[in-house]
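Both complexes below contain chain A, partnered by chain B and then by chain C.
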Partner chain A sequence: MNRVLTLAAYNVRILLSERTWFILAWALFGLQIAVYGSLMSKLVSTTVPNYLFFYGVGLMVITVFDSGADVGRHFVEHAHEGELPYFLSLPVSRGGFLAAQAIYGVANTMIKVLPPLIGVLWFVGDLTIQGAVFALISMFLLGLGITGIMVSMSFIAFKSVDIYSAFLAGLSALIVRFSTVFYPLIFMPSFYSPISVFSPLTYGADLTRWVLGFDPNFLLNPILAAAVVTGVAVGTLSLSARIVDKVIEGVKAA
Partner chain B sequence: MAVLISLSLSDMLVVGLVYGRLIPTKFAGLSYFQFLVPGIVVVGLFSAATDTGRRIWLTLPVRTGGLVGAYIISGGLGGIVYSGALLAIAYFALSFLGTSTIPIQGIVYALALIPFLFVLATGIAGLAAFFASVSRRGEIYWVYAQALQVSMVTISTVFYPAQTIAQYLPAPVATIAEYNPLSLAAGVLRNSAFAGNPLDTSVLTNLLATSLPLAILGALAYWTILRNIRLKGKP
Partner chain C sequence: MFAVETLNLSKRYGKTDALRGLNFTVNEGEIMVILGPNGSGKTTLLMILCTILKPSSGTAKVVGIDVVEEGTKVREVMGIAFQEARGFWRHKPSSILKFHASMFDIDPAKRQDLIERTMKDLELWESRDKMFMHLSGGQAKRLETAKVLIQQPKLAIFDEPTSQVDLRGKRKIWDKIRELRDQGSTVIVATNEVREAEYLADRVTILHQGQRVVCDTIPKLKDAIAGGDIVEVDFEDPVSGKLVKDLNGLGGDVSLSSEGNQLRAKVSRAEDWVPKMTSASYVAGAKIASIRITEPSLDDVFLHFTGKALAGQP
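Right after this comes the complex of A and B.
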């Protein structure tokens, strides 16, 4: 356990050395909320009341998604820069190695999401410790699921990192646009809504909005959302554990 | 290229359609979907122009000025090719999903706009060159490119009309959005390429006046950094 934490601490230290990136990410978040969020909320105010809040949560979910994708990229970079054999030679089990990656992912997500979450809740006058904690738990579970998906997909990168990057960019476009990150499911055309229910972001975004008290008429059933978010986290992490255990051998450095 | 196309198409055919249902207001006679689609073409031009990345080919038998020129021109051409493809898709999308047909003269105006869009794309490529020259690592370039894109697209009239910005945000922000080259390009595409109104020369002049300095600034910054690399071995 101690070795896993040491490995995780090493990754998190590297993460914390990139302070400029965090500040830039928070600044861009603020800009998007202050300009895009506030103006779009005026335009859609007749159909979705309090759209600024809806959009703010959506933007946080995007941040969680990006952080999860970062962990996958981090993992793939280790493989292609030839560092993976070194990490695998450390006296840490494969499960421990994956756990260290997951801790890195959680730290990355929390650092990126916590200040915007507090900022948005304060701005809309809805800042409570209870709300912030449950929203963090919801986004934490979603982040684990996204990390699991990205690490599971990393076997593609073992063949070609270019295909992996293109695949992830395309997948990200579809997962985000077809989800309820920016608009409620009830406003989606009937030919898009069946695709939306396959996006984990749909459930993560609606669950987070529900725990923060957004009007449930615009959201999915919270029990279903919680079950799907938990199921995706457990399922994809189990899959990624198998991949790290079985498939990771023989990865070639670029 | 395929990834960029998929991003723009999903913006146009998913985000545009859903927001069209959320926003019942008409903007100068245009539904929100019709309003947004030209904006997405301009965002696509932006993405393609910055996609030239951070490349330094100092070993080639080409002078520094030649490398800089090639970089800027490739950004401009990339923007034109990509936004041209998107424009064609947008015509189809609006013909099938919009409530009005595209006038023939709109297509003629779109062709006449190509040189101006090329200058805009070179301006954006110039900005990209500037950021490429101050980025010491490749991934930092992409962070800068993303920050540039978010800032320029957010404070523009790509997603919302100038009147809405002026009504709800401070005057300096509204002015920046009005003279943002992306706003000017989106506006001229809406008015002429899609609605078929004659080209507005004052808007075209403003587009050139805002894009050319960006191209020159970027070219100078990139030239300086390449010269430093040649002389000192580092930026």
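Right after this comes the complex of A and C.
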């Protein structure tokens, strides 16, 4: 356990040395909310009251998604810069190794998402500790699920990094567009609302909105959402534990 | 119990058979050198022992622990210095070693001291403030070796520890590896350099195309080649035909040739043959001016057992 933490701390330290990225991410978030968010909110104010809030949560969920994808990329980079064999030779179980990656992913996500979350809640005038904590938990679970998916996909990178990048770009476009991050499910045309059911972001976004007290009429059933988000986290993490073991075979012995 | 034992170990990468039914053992407390040319499967074997790769078939055990069944336990007792120094681009050598020491529970009170001493021993101290990615090839290899030296594992594995390292550095590394053995570690060194093998090995395993060709101490390997030692004897007078005949009569596996005052003999064991030769010469009244014994090198041994020269040798 101690070693898993040491390993995670190593990753997090590298993360913290990249401060500029965080500041950039926060600034971008602010810009999106201030320009696009508030304009859209005015446009749709008659159909969705408080769209700015809806959009703000959606943007946070996308941030969670991006930082989950970061962990996948980080993992693939490890493999290609040759650090992976070193990490795999350390006295940590494969599960522990993954846990360290996940802790890194969570730290990455929290740093990116916490200031925007507080900002949005404060701006909307709805900032309570309770709300913030539950929203974080919900996004944390979603983040674990995304990390799990990304690490599970990393085996593709051992065939070709190009295919992996292309695949990820395609996957993110689909997962983001066909989810409820930007628009409520009830407004989706019937020909693609069924697809949104397959995007984990749908459940993560609606669950987070629900815990923050958004009008439930615009959202999925929160129990279903919570169940799916938890299920995806557990399922993909155990899948990636299996895959890590297999994937390594692809690493060049040199 | 063996420190390492593999049974019928095989590894396939797609269509390449990197290891083919390898049976290999290492005794506790010895330095085992695996000598083999490029592509003979050395790294593959070591990667299986340190649980990074999985065997396609067969088994491998480290201090009695199966590498597939109980990988984490195996990793606790061993350390490996990779053939290619590994990663940590933006870190300094001392923090890389600190991280390694903390992963292997090296006493925090002694850590700093140990790291400093090892870095000085391997002449890395001057580069302590450089980032890993700015180290030279040889410096990075020294750092890779330093990790395992600091760790002092039960089983220490070095994959070509001195490739890219200058001659002075090679000596230092070799001496440190021997010191590690003297302090109780079992050591495996993979190399394709005969000199490294000669300097380090308690025993040598020759690996060729994923199979063990032979395994023994260096003197025994050399003795196993018929006509193993070469003895050159200078006499004060020209060598007579009678003397050659007398010496041929001594028996053993000998082939003689003479030219002027000099006699050349290929014998399997110079230690046995030279005393007999000197007394026979004395009896025959031939005065010896000097004797030179040259051993065959491991190159010759390799050539003898595989029919091929080691990589990089003519």
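Throughout what follows, the second predicted complex is superposed on the first by the 248 of 254 C-alpha atoms of A that agree within 3 Å, B and C clash if a C-alpha of one lies under 4 Å from a C-alpha of the other, contacts with A are read in each partner's own complex, and residues count from 1 in each chain.
Assume a residue touches a chain if its C-beta (ideal position, glycine included) is under 8 Å from a C-beta of that chain, and two chains touch if they have at least 3 such contacts.
Remember, predicted model here, so these are calculated numbers, not experimental data.
Shared-chain residue A:130: touches no atom of chain B or chain C.
Once the two complexes are laid over each other on the shared chain, residue contacts for A:7 go to chain C alone; chain B is not touched. In the overlay built on the shared chain, the residue A:24 is in contact with chain B alone; chain C does not reach it.
Of the two partner chains placed around the shared chain by superposition, neither chain B nor chain C is touched by A:190.
Residue contacts after overlaying the shared chain place A:94 against chain C, while chain B stays out of touching range. On chain A, the surface touched by chain B in one complex and the surface touched by chain C in the other have no residue in common. Those residues of chain C that touch chain A in the shared complex are 13, 18, 43-44, 47, 50-54, 71-72, 75-76, 79-80, 82-84, 86-90, 99, 102-104. On the side of chain A, the complex with chain C involves touching residues 3, 6-7, 10, 14, 17, 78, 81-83, 85-86, 88-94, 248-249, 251, 253-254.
Per the touch definition, chain A reaches chain B in the complex via residues 21, 24, 28, 31-32, 35-36, 38-40, 42-44, 46-48, 166, 169-170, 173-174, 177-178, 182-183, 187-189, 192. Per the touch definition, chain B reaches chain A in the complex via residues 2-3, 6-7, 10-11, 14-15, 17-19, 21-25, 32, 143, 146-147, 150-151, 154-155, 159-160, 164-165, 167-169, 173.
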